[in-house]
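My questions will all concern the structure given below.
Letters A, B, C, D and E mark the chains as written, and numbering starts fresh at 1 in each.
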Amino acid sequence: MSILSNKSEKIFIYLFFAIGLFIPLFLEGNTFFINKFSTIIILAIFVMSLDYLVGRTGLITLGHAMFYGLGGYIFTILAPEYEAVNFWVYTFYVMLISGFIALIVGLIVLRTSGIYMIMITLALAQMSFYFFADSIEYGGQDGLFVYIKPETSIFGLNFLDLENETHFYYLCLLSLFNCFVFFKIIMNSSFGRVIDALKENPDRATALGYNIFHFRLIAYVLASSLAAYAGYLFALQFGFVNPSMMSWDVSATALVMALLGGLGTIYGAIIGSFVYEGLHYFIEHLTEYWMFFMGALIIALVLTLKNGMAGFLNTLSGGKRS
Amino acid sequence: MSQTILEAENLCKFWGGLKALNELNIQFKDKQLHSIVGPNGAGKSTLLNTLCGAYPATSGVILYHGKPITHLKGYEFCREGIGRSFQKTNIFHNATCLENCCIAAQQRIGGNFNLFRKRSKNRQITEIARKALQQVGLTARADTRATEVSYGEQRQLEIAMVLATAPKVLLLDEPMAGMGHEESQTIISLLKELKQQYCIVLVEHDMDAVFELSDLMTVMVDGQHLITDTVDNIRNNPLVQDAYLGNDDEVF
Amino acid sequence: MDTSLFLVQLLNGVQYGLLLFLIASGLTLVFGVMGILNLAHGSMYMIGAYLAYYFTTLTDSFLLAFIISGSIALVIGIIIERFLIIHLYKRDHLDQVLLTVGLIFIFNATQSFVWGNDPLGIEVPELLSGSIRLTDIVEYPVYRLFISLLCLLVAATMYFTINKTRLGMMIRAGESDRAMVENLGVDISKLFTIVFAIGVFLASLAGIVSAPIVSLVPGMGEHVLISCFVVVVIGGLGSIKGAFIAALIVGIADTYASVLLPQISSMSIYLLMALILLVKPQGLFKN
Amino acid sequence: MQNILEVHGLQTLYGESHILHGVSFDIKSGETVSIMGRNGMGKSTTLKSILGIAPPRSGSVIYKGEDITRLPTWKRMRRDIAYVPEGRGMFHNLTVKEHLQMAARKNSRGEANWTYDQVLDVFPRLTERLVNKGTQLSGGEQQMLAIGRALLTNPDLLILDEATEGLAPLIRKEIWQVIRQIKDSGVSTVIVDKNIKVLNELCEKHILIVKGKVMFQGDSRSLDDNKEFIEQSLAV
Amino acid sequence: ADSDPIKVGVMLPFSGVYAGLGESTRNGLKQAIKEQGNNIAGRPVEFIEMDTEAKPARAPEITSSLVDNQQADFVIGPVHSGVAMGMIKSIKGKDSIMIIPNAGANAATGAFCQPNVFRTSFSSWQTAFPMGKEAYDMGYKKIVTMSWNYGFGKESLEAFNESFTKAGGEVIKEMLVPFPKTEFQSYLTEIASINPDAVFVFFAGGGAVKFVKDYDAMGLKGKIPLLGSGFLTEGTTTAQGPAAEEVITTLHYADALDIPKNKHFRQDYETLYGKPADLFAVQGYDAGQLIAQAVTATQGNTSDKAALIEQMEQLEIDSPRGAFHFSKSHNPIQTIYLRKVVDGQNTVVKVAHENLEDPARGCRL
């Protein structure tokens, strides 16, 4: 694939998706691990969209979880309570509505930049958090349930059963793959050229006649609706949404994952999510004071890795630092 | 006489109490190199920045082909054909020289909102970019990252980027600053060529270059227009000598 | 609302605002002035409070606890800067986020390990335990007024030091261009260590003096963290005056919102921040 | 006369790229020295190596008889060296006045030959801009501020890297006057500038750097003697 | 086989704000199992502990881990109502039995009640409902109520309101404080200006400590009596100090409850863990007792869950709070006490309501 930019990325992506395709065969019946992988993959989609925003577009946000939560809530609120809806149709609705919300939010937050943008995104996310947490009709702090999972037929063909963990896993994997390809394509496109330019030097891009606001807005809407898609998948997996999906520490954790993976590399988002969640899982099972070791590990990683895991892989495979 | 392309009428730019541009009137003509000189802080860079839309004017009008364009947004000036280079090198350091020019050219050719077409597939853009690089003599450096080329070459790149936007007016802010003798000569001959086609506004403290290149010169002092005239008249004008040149030779 | 009630609420708002400033003051210094994004600021507030608890119970003297805890905080600050933060100055600001998130984990685990998870509290020191009668029903605790006074003192000292002294100028210059400050013959790394340690100290100071009037619970640090960021950002990065005024605005707004607009009171400070940033995208007093 | 600065065999690298290949020279007390060379030949790097900003891999820097090669930059500066870097090094969050106040200090002997007022006398333009932030100044004003700030540290050795870049002719002349003044007060000066004619006039000693090597060292007379070679090296 | 361990998943918060509660609950649970010699009907007991971090979003995943991966027979948890809802969702229709040792959300044994979900603690409604009538009987006609704006708090206020209004009182103002805000000054000033006969509040943990201290420091305590749901003074009186004296609350337990079972329990707990027991320990203990008695009744057979559930429904648990059994909706039918803090202890003033059963609104079991 010509969209892959260096050797380590190539190796990683091929390996990851190859293993990803076959792993359920080895986990035969162990629904927990299949579920766990689905969860991490969903998270990876979310982190990837954040990575695009922060690492490629230079728009740092601490409110990205707002769209993650919104994705879940939009679906849960829209879908009739006791009737299976079509997955693809609702995918479209969720992304459309969240995209529209992102457009409005973008019009507001993109007026600021840098740390101020971080804070205003945070503020809006907190506001939507409280909106759902204080609301009576949307379940308040306890959240909402999805009673019936959508069906996935296209033109009458039905080959995915979302109640089945393995099927759901493959849906997540496919989604991750599509997201990855999508981001890589837009990064290499003419649009991506402008995004690269305005990340590095917005003033100069303006002087060259670009209305950088438009480009940022598009990037923001794209990334946000993909975050919402991830939230939608999350809601489907366990049939449950909760305002805490929007809380700021979800955004912060996602940022940590993106950074661990290697900011702006897109595939680093996959590494970051798996490494973080993997560490979390193992350390948590070792000791009650897992936080201590998790913290120490994170610190050790920041100090030793300059460009995250992706950067580390890149040096391993003999690539130049970009 | 060639026709006036760009002009400023009663242009003012205030920074708080400071009048960086004070009721300035000035015309720039097509296919001429018009240089602007003046002491430090006279408002030359401010003038260029206002003319290219980077700073909104406090008051006054900018006319382009006789039409007022003062109300336009910053990024629209470039689309109208007003290109500018910066006093402090202002390029995309991590991109190659070619890519730098591509970014400039793409704005004109379009496809900016094409999310899916591979950027390198657009030959037209690449061609324009190459031509711009060739004009400033940077063809050999096309695939080198901009950080890795020397300071002088970065200045050349700066100009190539402006050319790639196909401007009608070129606003150049101290393109020779920090350049060695040889590089300066390259730029001077480049500008000589360019002024056959474009209207060029040049701000520069290198008097040798200015005297050699200018068709017209304007002297600014404290945000105000002091005089506009030909090189010879300016050189010998006692007012100018007092305010800017100093009356003896630089070697003392 | 009658006038006396209105005034008491105003006093509440101002007093809360001042406390917010005290908690945020270290952040203003480290984040606003030095440009280091220390997410573990809240954790230092927490550690300060717990240290105060520990030493008050141990020595039976709040004053002694105050001194010991403050010194420990300074040492912690020096250690963090010398061994961790120092490696990140040349790196992206976001790496500091990563590092300090790690620190939050460590501090939280330590707190839970050392002091357990039950809510703890200490008594207001004898000397300051009285109240002042305001209306026939409301009394105002002297200790809260004492805290307000302390906040004012910290605010004034910081404002003066940062804006009027050479030291303050050097610190600000260091945020702008570290290497250049060194070129002027200033030992910038020592300076940064000191300033960072003072930032940590101020966070702990806020924790220490709050200990008698708040409950000590795990995670208490994260709750204050966002409010602190709100204050610093509304005020405009790098501006002590801005942070001070922002803290008062937030304190007063929060106070009145909670009684007058309870429906939106949970969002009030965020709404306030969003509105202010829309009108002034650089905060109120960006230099 | 005593040497204030001796530089022996500096080898300096930026990452992989080897920039200085054994630069050596010395400067006598009170001497004014020019360093010449085309763009990218390593003039600035030489200065940075002397100051510890780009620490040399090998070689040594002896200042007033003391080996300072391993000292951190700020400690070298404390021994009364002042530096005006390329790019001026303005602080975006300090006003002009604060730039001067924060830098001002007595030299190691406790003398203060330069005062705030004296600097403003030399650069009256700055007087009008005292409350502006450093980065709001025009290019030339920034340059004046950078020099003024350096003078206020009351140095024995002043190092100027392209200090007249972007200055108007008249101001340029003033700067040269100031440097002459500084020179007369016994301060040693190292100047990197492209204005060869003035350097020839002003400096007792000239150093030509080509591709990280010292290709010529000598006084103004020997400069004239080697005119052709020099002009060729400088592409004049 | 019959000697395989009985798997008990423990899903409690061991970090974050609720960590203290999680710890007590676990201690109580283990104490009950230890009393059986760690062996029920010939089968050892294996605990699998998971930290919920009190994050609802993580609840389904962890539940799935216990239920699907570890095939736990019982899942004990959680403390936090939001987490409970996520857990119930994932345990619905599964082959494990969930025992809630704290989370009081009415819906858990109300609208969302499940055959395989039991609760050994209380419903929010139960802890506050009796106080309404008691307050009126104490002579308070106009009351201000206040709580954090979240499920537990709001449900408590509603239950109080229900019985207080029925008795003839009037709630003149309801104040909801954003969770987890603990800056109460402005609310207290407001209360002072309204000057009601009494104040009824719901706060718990750190918030409760802060509230009671602030209430006292503002000089309100002597003038406007403070009533509350029992959590106001549960496990917090030490931190509250003298400020907690005289505060009146209702709850299904009191540390100083004078019955032999409670004395024994507390003594054993103190020797085991070196600190006094609290309500959460009691609830965990009862969850343990529930498991022990049910599994004993089925002679160690845990594979037939329907039978196990049937046993559980009939059991009477000899709790330190006094004996209780389960309602149709699997919530305890239990006695609620009126308590008052004296010398830093919650002492029982009287029984507020004997064998109170939660109305279990919306439950179709």
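A few points about this structure:
Keep in mind that, in the parts below, a residue touches a chain if its C-beta (ideal position, glycine included) is under 8 Å from a C-beta of that chain, and two chains touch if they have at least 3 such contacts.
Chain labels with UniProt names: A, C = Branched-chain amino acid ABC transporter permease; B, D = ABC transporter ATP-binding protein.
Bear in mind that the values here come from a model prediction, so they are computed numbers and not experimental data.
Fewest steps needed to get from subunit B to subunit D, stepping only to touching chains, is 1. Hopping across touching chains, the smallest step count from subunit A to subunit D is 2. The set of chains touching subunit A and also touching subunit C is given as E. Set against the C-alpha centre of subunit C, every other chain centre is closer than that of B.
Distance from the centre of subunit A peaks at D, each centre being the average of the chain's Cα atoms. In whole angstrom, the spacing between the mean C-alpha positions of subunit B and subunit E is 75.
Distance between subunit A and subunit E, defined via averaged C-alpha coordinates, is recorded as 37 Å. Per-chain Cα centroids separate subunit C from subunit D by 43 Å.
Each of residues 15, 149, 178-179 in subunit E touches at least two other chains. Shown for subunit C are the residues in touch with two or more other chains, namely 108-109, 112, 266.
Listed for subunit B are no residues, as none touches two or more other chains.
Pairwise, the chains that make contact are A-B, A-C, A-E, B-D, C-D, C-E. Here subunit C touches subunit D in the complex through residues 166, 169-170, 172-173, 175-177, 179-180, 182-188, 238, 287, going by the rule given at the top. Subunit B contributes residues 15, 18, 37-42, 45, 87-88, 150-152, 174, 177-183, 205, 207, 243-246, 250-252 to its touches with subunit D in the complex.
Those residues of subunit D whose C-beta lies close enough to touch subunit C in the complex are 51, 53, 72-75, 77-78, 83, 85, 89-94, 98-99, 101-103, 105, 133, 149, 153. The touching residues of subunit A, when paired with subunit C in their complex, are 54, 60, 108, 111-113, 115-116, 119-120, 122-124, 126-127, 130-131, 133-134, 248-249, 252, 255-256, 259-260, 263, 289-292, 294-299, 301-303, 306. The residues of subunit D lying in touch with subunit B in their complex are 38-40, 86, 125, 128-129, 136-141, 143-144, 162, 165-173, 176, 194-195, 197-198, 201, 234-236.
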